[in-house]
Amino acid sequence: MPLDVTAKGVYVIAPTPFHPDGRIDEASLDRMTDFYLGAGCDGMTILGVMGEAPKLDGAESLELSRRIIRRAGKAGIIVGVTAPGFAAMRALAQGVMEAGAAGVMIAPPNHLRNDDAVVTYYHQAVEAIGADVPFVLQDYPQLFQVQMTPAVIRRIVMDLPSCVMLKHEDWPGLEKISALRRFQAEGSMRPLSILCGNGGIFLDFEMARGADGAMTGYAFPDMLVDLVRLSQAGEKERAHDLFDAHLPLIRYELQPGPGLAVRKYVLMRRGIIASDAQRRPGTALTATARAEVEYLLQRLARHDARAKLPALA
Amino acid sequence: MPLDVTAKGVYVIAPTPFHPDGRIDEASLDRMTDFYLGAGCDGMTILGVMGEAPKLDGAESLELSRRIIRRAGKAGIIVGVTAPGFAAMRALAQGVMEAGAAGVMIAPPNHLRNDDAVVTYYHQAVEAIGADVPFVLQDYPQLFQVQMTPAVIRRIVMDLPSCVMLKHEDWPGLEKISALRRFQAEGSMRPLSILCGNGGIFLDFEMARGADGAMTGYAFPDMLVDLVRLSQAGEKERAHDLFDAHLPLIRYELQPGPGLAVRKYVLMRRGIIASDAQRRPGTALTATARAEVEYLLQRLARHDARAKLPALA
Amino acid sequence: MPLDVTAKGVYVIAPTPFHPDGRIDEASLDRMTDFYLGAGCDGMTILGVMGEAPKLDGAESLELSRRIIRRAGKAGIIVGVTAPGFAAMRALAQGVMEAGAAGVMIAPPNHLRNDDAVVTYYHQAVEAIGADVPFVLQDYPQLFQVQMTPAVIRRIVMDLPSCVMLKHEDWPGLEKISALRRFQAEGSMRPLSILCGNGGIFLDFEMARGADGAMTGYAFPDMLVDLVRLSQAGEKERAHDLFDAHLPLIRYELQPGPGLAVRKYVLMRRGIIASDAQRRPGTALTATARAEVEYLLQRLARHDARAKLPALA
Amino acid sequence: MPLDVTAKGVYVIAPTPFHPDGRIDEASLDRMTDFYLGAGCDGMTILGVMGEAPKLDGAESLELSRRIIRRAGKAGIIVGVTAPGFAAMRALAQGVMEAGAAGVMIAPPNHLRNDDAVVTYYHQAVEAIGADVPFVLQDYPQLFQVQMTPAVIRRIVMDLPSCVMLKHEDWPGLEKISALRRFQAEGSMRPLSILCGNGGIFLDFEMARGADGAMTGYAFPDMLVDLVRLSQAGEKERAHDLFDAHLPLIRYELQPGPGLAVRKYVLMRRGIIASDAQRRPGTALTATARAEVEYLLQRLARHDARAKLPALA
């Protein structure tokens, strides 16, 4: 099923599990896929910034995408196809759409510094991948150095019908969500799915501002699922209680650089992937950092039983 | 007393209180100074990024510095003297040191992109302000776009005896603190005071990594004082419990852009400053954002009585 | 006379002459002013990027501006008032306008990365300096990292009547001049003076595209005056012949970093200023570079007698 | 023959010729290769910034490389393998080396902002492509925003024996060449081939500073060959005379953005490629710009008969 503007819930950002020697760990890939979907995620986003995509060559990217898509069944798989050139973007987009992906995600290159340049870029991207391929607009100024105002996002959405979702990770971004929903309410922008990233660190308020869910890879996506459901059910206090219990770890995992190492370490500790190895070049946790994560997990376990993990050997 | 490498505790980043019409609010300035020092802060840092310094002209900056220095008595006042040129930097540094400041803080200009350029800049800054003026090295790559490795910081510290303190706000920065303390332990770097910024969002772990305290402006600096003391006393669990209760608000206040509006709003709600006005151009909180802050304060009040505030009119 | 949209010709970017010990060299300042105006320049722009403005404190900037304005008589003096904050910008703008400046020049800060941010910045700047102060919009993306499309420039021009001139130094910028003149022709933008920078390296074609003249500091401003006059007189071939003779030196002087040292060296060799010293920190020419400049001057002298200089001692 | 540190002369940066419909024009590719080598170029650099490499997919890049390598015979072909990830870099590097390339060229990603980060990146790149693959270090700070001091270049050269050449296009860069040659003279750096880019706009002086030749794509590479030979033969005046005649066009072609369109247009006018088409998205010359190029060619033809072209239809 192609992605459309009604998408909501949690589309988890998936890491790529590797063996310590750098080979893709396919058993972990399957187990992780099963875990995510079993935990209630509505979809997965693969080959994103946190998926170590640039360390995979074209063939590996396509094969990994196919494996996950097959395993995921009806759940929607979104594939990051951001590339320095439109040829590589088109090649990967066509490959994964043929394999059954629900859509693709495209981040802007960091040299775009005026509104027309941003809008033009997305026109060119759609020309490259085809107007029939649903795409997610990734708005992550802290990382990509590209600023899209709500009005620029609206131009892209109104110009390009295949733009069906915003991966919202501007920071601060609460007012941006409100502004976009106002555009919809006043009729100047068509409906758009808005899923939030940034490790979930504002998800408690983002839902109330009008987001449709989360697209991030926090190592407790099952918590993100609960949080989105509680928010949608109007259980504000319970949603905040749950969120606040996780916030110290969310914050710790959000660190640029070591963040992926933290995420993979917790997923490994939870038994979801076999190893927290990153393909070279990668960032490893120091012993001190690992002890800090363990400490955070212990504190979290007082509030959320999912964080009760077997003792380290 | 000039600032030296033994400085520790909390040097709070002070905002500049304004009347709604844009004039400096001197009564609030005095009340705020009294509050900070009464709450146990060891010093204050003024005219920093969050002090709206660029909206003050030279005369105002100097007058405001003098007023706070006078009021603060023995507490150390550090003054931000970052400027696009060394002439302005020297003029302000000389003025505030004559007025009794403990030291100055200098951030690097954002065009420095190699190690020698960074080190050379600080040599030139010291030549401009005088080698007898103690200075704080501000390391804030997210904002200033300048990356200083631990080795670069060591070069600056070893080259320039008047560098007495690091305002540490790299993110992620835990390993940087550990690396610098290792340099000291192995004898390759002389002692250096390290105070942490970034709204305090990693202060729970930064203390254990070897930081000497905090230099940030979170609207509950009295909590920062408690946290630093608990950490120094080895009360790890209590420190984390206190920190975690505040983390949802710390996180909310850390937002670039609206962060200062949140901080001033909470300081106003606590009765510390009369108005949350910013001098133009400034960022105002929306009604929704204010409601979010009030909600966070109510939740915080369950754990920390200091957040119990009178109902809004 | 306040600057207005009819300004044309050459507004030379003036360096600040210093004695070798760093003091401002007032005799050279006067001689340089006389030379520029005697050579046919219609005005001067002072305290720009190449005027070492950040090395002057507020009092020096104002005093230097007053001296030049007084000396210049009826010629229009434009003063660069770009500053990290609006307080400093306002203070300098008011000071120099009271002293008789024709207008001020304002460059955008380098964090502006979307159209609204750029336009808003100039609204705020005009609020700071006053809507009655004519200002020059400086468009120099290579240095300031801010991209203004022709449409953004039009928004600023149409929103802000006090914007009377564009200092055009986008590179490449020929099509931008054409686009702006089309806006005028079609009636969507009011008239605007366009003077060109970038060391003059495209001035041969910029005039034909519709520029009104030059605002740059090439060490032969008398050549720029001739070139503008030849262009305006339709003497295309003679204009290009003159330009081409100077291009090797124009190119050499355009180098970021050593460029100012080259410019001051040639002005010194021409007897216009007494010393090529820069106030610290500055860039000095190596012996090899000086020899390269001398060689270029000798070659130029075959075509332009103004480059025939006394032999070096 | 693998590239080594004795390489000198002209390695021309080759564009990729396309048919107007976007297909690669293989006949033009062959004719262009023959022309370059017949004109005396010692080698070619393909798939560089100006080769529209990001618009080619992996298969096309490899096929085009093979065709040129085969055609070029003994001349050395260097292939740009810069990529956002090491997987893609390795795949292309291995493919072209197997096909007989002389070496590869690697530019740094623009997020590298301290010395260790730059050096580490090249270590990782060599680990990815293999230590036996000769590589060219591309130093182009204006485009890549990465600053490598001479000392950083020396670290890379001394750490990595497979670094055999510097593509020097820092601007200003004359002193950098001198500094590197001093390192060699004093014995702190091993020999290194230095070829210069930046459209050749400083080639007249770069040769005297110690460069070994040019690596740029100016549409008269036959002139670059002459200039390098004249310089090597000590014919300084004749070298400058030739250079100065071409400088107005060199300058015009150097414009970022339209520069490639100018280059392809002149190559088409010279009969070397059939069409100046760029694959989408590309930049086309306006009629005014074409007329400006024609005018520059006519003026050039007075000095250099190679610029005498048939009249336009």
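Order as written gives the chain letters A, B, C and D; numbering starts at 1 within each chain.
The rule is simple: contacts are C-beta pairs under 8 Å (C-beta built on N, C-alpha and C of every residue); 3 or more make two chains touch, one makes a residue touch a chain.
Quantities reported herein were computed from a predicted structural model and do not represent experimental measurements.
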| item | value |
| --- | --- |
| Labels of chains that are neighbours to chain B and to chain D | A, C |
| Identity of the chain that, by mean CA position, is farthest from chain C | A |
| Distance from chain C to chain A - Cα centre to Cα centre, in angstrom | 48 |
| For chain A paired with chain B, centre-to-centre distance based on mean C-alpha positions, whole Å | 33 |
| Whole-Å gap separating chain A and chain D, where each centre is the average of the chain's CA atoms | 39 |
| Multi-chain contact residues (two or more partners), chain D | none |
| Chain B residues touching chain D - in the complex, by the definition given at the top | 113-117, 141, 145-149, 151-152 |
| Contact set on chain A toward chain D in their complex | 53-58, 60, 83-88, 90-91, 110, 120, 124, 127, 280-281 |
| Residue ranges of chain A in contact with chain B within the complex | 142, 171-172, 174-175, 178, 201-202, 204-205, 209, 240, 243-244, 247-248, 251-252, 255-259, 286, 288-289, 292, 299 |
